[in-house]
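We call the chains A, B and C, going by the order they appear; numbering starts again at 1 in every chain.
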């Protein structure tokens, strides 16, 4: 029988830009759902943050990804009009995307050996929400 | 009981690059589906356009995101080979992505306070299609 | 009756960066599933590769997209710390994204006339996995 479970949790970020591994929280919600086969959607309801899947092993990868994003979308741009001064964060959010879908098999997340699910803060520090929905059978 | 409803609508774009808020049309299709809990996929069947979730309040954010994309992928590049002259639009489409998945709860879209769903035109003006599928129970 | 089928296949890449059209393999798995209406998720379990939907007709588009990505994230960056020398590939994977969701109607993929599903290699050549899950009724 197919079912749907939606839950949310909070993340507190400490820097202006930061990536926080939330794989454990997502796996816990999958376990709690009792759903064995299906998928889980991880959704960020903020427009200056994002959800990304990337390497979980060497923290240098997180450093390098954040650095590359800073260079792709410089914080200061004489053409920017939004007066909150965080247009770069909106752009990064658009490029990375506000959700990821991960498959679920036998109650576990189907991720590669080196993959983790990250909450990406681009305009912190802030208290943020993450919405997780498991669907399947 | 789980169900699936697929519908589509058209968007007419007026500029070469433009972002059009389609949240209302997506919400209408969710309501019409009668599905209370599940998700909705918004899919763009074009390779020079995209679907993005971003801020709905200050139109300056849309301006700044389009500006940043123009700078990330300049229209003219001596290395480009595609002879239609719109390779920049294909690249932007790839970076932003051609679909978004939004969760549905109690018949409503689960979006943050400041989030809207946008159709992104990168090679207009054109008449475009948006495909929407609601799945759930 | 709703159902879920998960399968995987391998892709052998030959260059450091390369895009391989996998639409046929995905369509075959949808056909095999017997699912007529729903969706299919195409997931890449690697952190230096990605899944992208883009033009299937003129191979120049693939060339131009790979070129633009090389310019957006140069391979060499004095600020990169990850000592495997492939941080650019991790960044490209994050920007493009490791999955795509495609709708299924009457047993067929709902894609635009010019759309194909690509496996994107950013740190090859390697033997890679692609995980495909069909869900629906």
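The working rule: a contact is a pair of C-beta atoms (placed from the backbone, for glycine too) under 8 Å apart; a residue touches a chain by one contact, two chains touch by 3 or more.
In this text the structure is predicted, and so the values were computed from the model without any measurement.
*Asks:* Work through the pairs of chains, note which ones touch, and then classify the graph as line, ring, star, complete or other.
*Replies:* Contact map by chain: complete.
*Asks:* Copies chain A, chain B: same or different interface, half of numbers shared as the threshold?
*Replies:* Different residues, largely: of all residue numbers at this interface, under half are found in both copies.
*Asks:* Between chain A and chain B, what's the gap in Å when you average each chain's C-alpha atoms?
*Replies:* Centre separation, chain A to chain B: 19 Å.
*Asks:* At least two other chains touched by the same residue of chain B: list those residues.
*Replies:* In chain B, the residues touching two or more other chains are 2, 72, 95, 97, 101.
*Asks:* Quick check on the complex: what are the chain C residues that touch chain B?
*Replies:* Within the complex, chain C touches chain B at residues 2, 37-39, 52-55, 58, 60-61, 63-65, 67-69, 71-72, 95-97, 100-103, 105, 110-115, 136-137.
*Asks:* Going by the contact rule at the top, pick out the chain B residues touching chain C in the complex.
*Replies:* Checking each residue of chain B against chain C gives 2, 4, 6, 41, 43-47, 72-73, 77, 79-84, 87-88, 90-91, 93-95, 97-99, 101, 129, 131, 133, 135.
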